[in-house]
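Got some structures for you, see below.
In what comes next, subunit A is part of two complexes: it sits with subunit B in the first one and with subunit C in the second one.
Right after this comes the complex of A and B.
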C-alpha cells in the first residue's frame, strides 16, 4: 500500500471542495489525507455493514408532515443577511457560466 | 441511411404539484417575487432539519403506479454532495440507493406499432435554487429551493430522437392528467436530459455516452439527439476519439455544445441522509394513491372512440383537459357523442377562446348540453342559427327550445309544412321546373335557393332537397 496520495488525487479533492492549494499544502495533504483514509477504511472490517445500513439512531419510521403552508421569511430579511444582493436576488460570484448544479 | 444505431436514454425531472415544499412548510409556487417563498430550511441555515411532506410521497406513489413501476416498501434518502451556490447546504437530498419506484414502463406508438419504453427507476429529490448568470455575477432565487421533484430515468432502450419525443409527450400527458405535475416545460416544471451513444450493431457494446442537458422543449430533445448522433458518426468515421461528456443544446446554433465537465459518480460522495429516518410505504398509502388517480388519456381515447367520436376529435378533446373532463360527464348518457364533440371543439371552443372562459364558466349544464345536441341532431336548430344564439345558450339558464323560440329561428321540421312551401315555389317558377325536367341541373339549385329564401334558412337543406326532388318527379 502506498503511503501517500498522488498529487492529482489531492488536486481532485481540492477541485471538488472548490479550494486552491499551495505546493506545500499539496505535499502536506498527500500524507495527511492518506492517513485519514487509512482510518476510515477500518469501517470495512465491520461485518454485515452492507446489508443492514443504519441511517438514524432510532428505529421509528419517519413521521410525515401535512402539506400545509406556514409563515415564511420576509424577502428583505433573506437578502439583507447575504453579503451582496441585487434587487431581491442574492448575489454570488460566477462559479460556472453555463448550466446548473445537480 | 446511417451505418450506426443510436442508443438513447432519457432522464426527466418533474416538479410535483404540492402546496408546500418537500422538506419545509414554505409555499411551492412559481412566478412570485424572488426569495419571497422561503424559510430557514430552504436556505440551508445551520441547525435546521428537514420534515418530509406526506403529499410528496402520495404523488410519487401515484406516478409510480401510472408508470407501471414496482414500489419500494422501505426507503431512505441520500445526500449528494457538491459545492455550488444553487445549494447552500452543499448537498442535495435525493434517493440514490432506494428509489421509490423501479422497473416500470410507458407505452408509446411509433410508426403504427406499440413499443414499451422501460423505466429503470424513479426517485424523489429536492429542487435547487434558481441561478441566473449576469456577466460577472450570479443571481440566486431560493423560491425553487426545496420544490419536490421526481426524476424518471429510462433504460437505454430508445433508438431515435423521434422515439424520445413520443416518450416525453406521453409522459407529459399522463403526469398532467394524473394531477402529479403541471408539466410546463417553459416554466421548468418538466426538464429533460438525454443520453446518446452510437454503435454499429446491436451485438456491439454500447458506444461512448454523451449527456445532453438543458433542452428547452420536447421538439428540441428530438433535434438535439439527431444532431448528436450525426456528430458522433462523423467523429467515428474520421477516426477521432472522444470522452464521455456533458453537452448542452444551444437554441440559436440548433446544435449541441460542450459544457464544462462536472463531477460524476463517486465524486458526489453519496451517503444516507441521517436527518430523515426510514420511510415505510404501507398498503394503505398505496391504495389511497391509486384510488385518486383520475381517468388517464389512454382510457379516455378508448372510450371516446367506442362512443363513435372521430379519431381527430378524440385527439383534440384530450389535448384540452377541461373539455375532456366535461365530456367525460356525458359518457353515461345516451346521446350523439360525435355531435357533442363537434359542438365542444367547434363553436363552443371558439366562444370560450374569444371570451377567455372555460366550459365550467358557462351555464351549459349536462342536461342543457344534451338538449342542444338533440336539437342539432333532429334539425330543430341549424348550425347557422346556432351561431346566433350561442351566447344565450352559454350564458342563460333557459332551456335551448325556449331560446330558439324567443329568437324566432325554430326550424320547420314538419314534412307537410315543408311540402306546402315547396309546392308554392314549384307553382311560381314554371320555367325553372321545365329547365330541370329538360336536364339542366342548375335549375334545381335556383329552386332550392328560393326555398331557403322563403323559409329564411330555418329548414334543414338536406331534407328540403329530398322533398323538392320528390315533388319534381
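Right after this comes the complex of A and C.
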C-alpha cells in the first residue's frame, strides 16, 4: 500500500469539499488524508453483519412534520445575516455571464 | 462570601429569603472568570445582558431550584443576539437570529447565560486545541489540555467559575473533557435533548448534555433541558421524569458489566488500577460485577470516523460565504466565494475531516463506506441493547490516559480519534453515558469512570454515580490545593 495520495487525488477531494489548497497544504494532506483513509479501510475487516441500516439511533421516535405554512424566522433578519445583501436580496457574484466573462 | 461555593439548595434558600440576589451571583461568576482569565475558558462573555437579566429577576418569585443561577454554554449552541463562533474563523462575527431550544428552556427556568465557552473548531478534536481562539488550560495543571471538544465548559466548571455548563457530545466531547478536568459530564440518550440550534457536526450522533461539579446538580440540569421538540424531529417523546429519583439509594440491586476491551492494555495501568479499586468498592457494597466481551466495540472508532466525517462534510457545506459568516473579500467569481471562503475560514482539522468525509460520501463510496458503517452500527446497537437484558449498567474508564501536555505534537491526524476510543461506542449506539471523577494519577491529574446505561435510563446512571461520589468524597476543587490521596 502506498503511503501517500497523489497530488491529483488530494486536489480531487479538495474539489469535492470546495476548498482551495496551497502547494504546502497539498503536500501535507497527501500524507494525512492517506492515513485517515487507511484507517477507514478497516471497516472491510468486519464480516457477518446484517444489511439493515441505522439512520438515526432510536429511530422509532422519529416522525415526519406536517407540510404546512406557519410563521418562521423573519425574512428580513435572515437576509441581514448574509455577508453581502441589498434590500430583500442576498448578493453573489455573476453566476451566468453573457459569454464575455463576468 | 463565595455564594457559588454553596450547594444549590442553600443558594436557592438564600434567594427565596431575599438574603442574596441573582445580581450578586452573576457578579461573583464574572469575578471568578476574570480571576481565571488565563484558563481561556470563554470565547465570548455576556456580561451586560446577564447583569440586566439578573436585575430584572430581583422582583420575580423564586419559583424553581435553578432560578437566577449563572450558566455557561458551549459556543456551538446558538444564542439570539449573542455571538456564536463554534471556535471557527468562519463564524467569528456571527450573531444568531434565534435561540436553540435548550436556551429557551434555560430562560424559562430564569437561568442566566454568562458566556460562550471555548471548544475545538466545530467540535472536531479531543483537546480543544483546534480552537481559532487558542486552547483552554486545565485548572489542575495549566500546562495540560482540558480535553475536548467541550474543553471550555469543562474548564469553567472545574475551576468553579460557575456551577452549570452545557456541552455537546458527538464522539465523547462531554465525557472525555469531564474526565480530564475532574467534573461530572453526561451525554444523554440520543433524542433526549432537542438538537435545534446546536450547530450540526454529525447529526445522527450529536447530543447536548450537562456538565457540573457534582452528580445531583447534573441530574437537576438534565431535568431542565429534556423533552420532545417539534423543531427537532429526532427528539423523543417521553413521560416526564425526575432524574434525581434514585440518587442516594442502595446499590445492592445493581448488576454491572465491565467490557474486557475497556480494561485492556490500551488503557494506562494507573487508570486500570484505579477502576479496579472502585470495582472492589462496588462489590463490597453488594453490586454484582462481571467482565464481558462486546462484539464490534473495538470497531466503533472506525464506524465513527466514517459516519462523523461523512455527516460533517455534508453539514458544513452550508458554510459557503453566501448565507452567513465569513466571506472572502473581492472574490473573482462564485467559485472563488466557495473555495476561497472555506480555505480562509476553516482550520486544518476541519478541512481534513471535510475532505475525507466528502470522499467517503462521493459516488459509489457512499455504499462502500457510509452505508456499511450504518449497517454495522445497527448490529452494534443491538449487541449493546442485549447486554442490558442481563445488566443494569456498563462501567469502565472514560479515557486511556489522563490529560496530556498542551504542547504535545498535533501532527498525527489519528490522535484526536484515539483519545476517544472508549467514549465513542456510546455514541454509536445512541446510549446515555456519564463521567464521574474517581481519583487522581501520580501527577495529580484527575481520572474518570464512565457509566453507561440502556437508552432512556439516565436515572440509573445517576444512581450509581451518586453512590461512587459519596463513597469517595474526593476534594475536586483544584484551588483546594490538596485532595484525599
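Heads up, the rule we're going with is that the second predicted complex is superposed on the first by the 86 of 102 C-alpha atoms of A that agree within 3 Å, B and C clash if a C-alpha of one lies under 4 Å from a C-alpha of the other, contacts with A are read in each partner's own complex, and residues count from 1 in each chain.
Here is the rule we go by: a residue touches a chain if its C-beta (ideal position, glycine included) is under 8 Å from a C-beta of that chain, and two chains touch if they have at least 3 such contacts.
It should be emphasised that the depicted structure is a prediction, and the values quoted were computed from it without experimental measurement.
In the superposition on chain A, A:35 makes contact with subunit C only, not with subunit B. Comparing subunit C and subunit B on the residues of subunit A they touch gives the larger count to C. In the overlay built on the shared chain, the residue A:68 is in contact with subunit B alone; subunit C does not reach it.
By the touch criterion stated above, A:86 is placed in contact with subunit B alone, subunit C being left untouched. Once the two complexes are laid over each other on the shared chain, residue contacts for A:55 go to subunit B and to subunit C alike.
Using the contact criterion defined above for the overlaid structures, shared-chain residue A:20 touches subunit C, although it does not reach subunit B.
Within subunit A, the residues touched by subunit B in the first complex and by subunit C in the second are 16-18, 53, 55-56, 58, 61-65, 73, 78, 90, 92-95, 102. Those residues of subunit A that touch subunit B in the shared complex are 16-18, 53, 55-56, 58, 60-73, 75, 78-79, 86-102. Contact residues on subunit A toward subunit C in their complex (touch as defined above): 10, 12-14, 16-21, 25, 29, 32-33, 35-37, 39-40, 42-43, 45-46, 49-58, 61-65, 73-74, 77-78, 80-84, 90, 92-95, 102. Contacts from subunit B toward subunit A in the complex involve residues 18-20, 25-27, 33-40, 43, 51-57, 76, 80, 82-87, 92, 94, 128, 131-142, 213-214, 246, 248, 259-260, 262-263, 267, 272-280. Within the complex formed with subunit A, the residues of subunit C that make contact are 94-95, 97-98, 189-191, 203-205, 230, 233-237, 296, 299, 302-303, 305-306, 309, 313, 317, 320-327, 331-334, 336-340, 342-343, 346, 351-352, 354-360, 362, 369, 371-379, 381, 412-414, 417, 429-430, 455.
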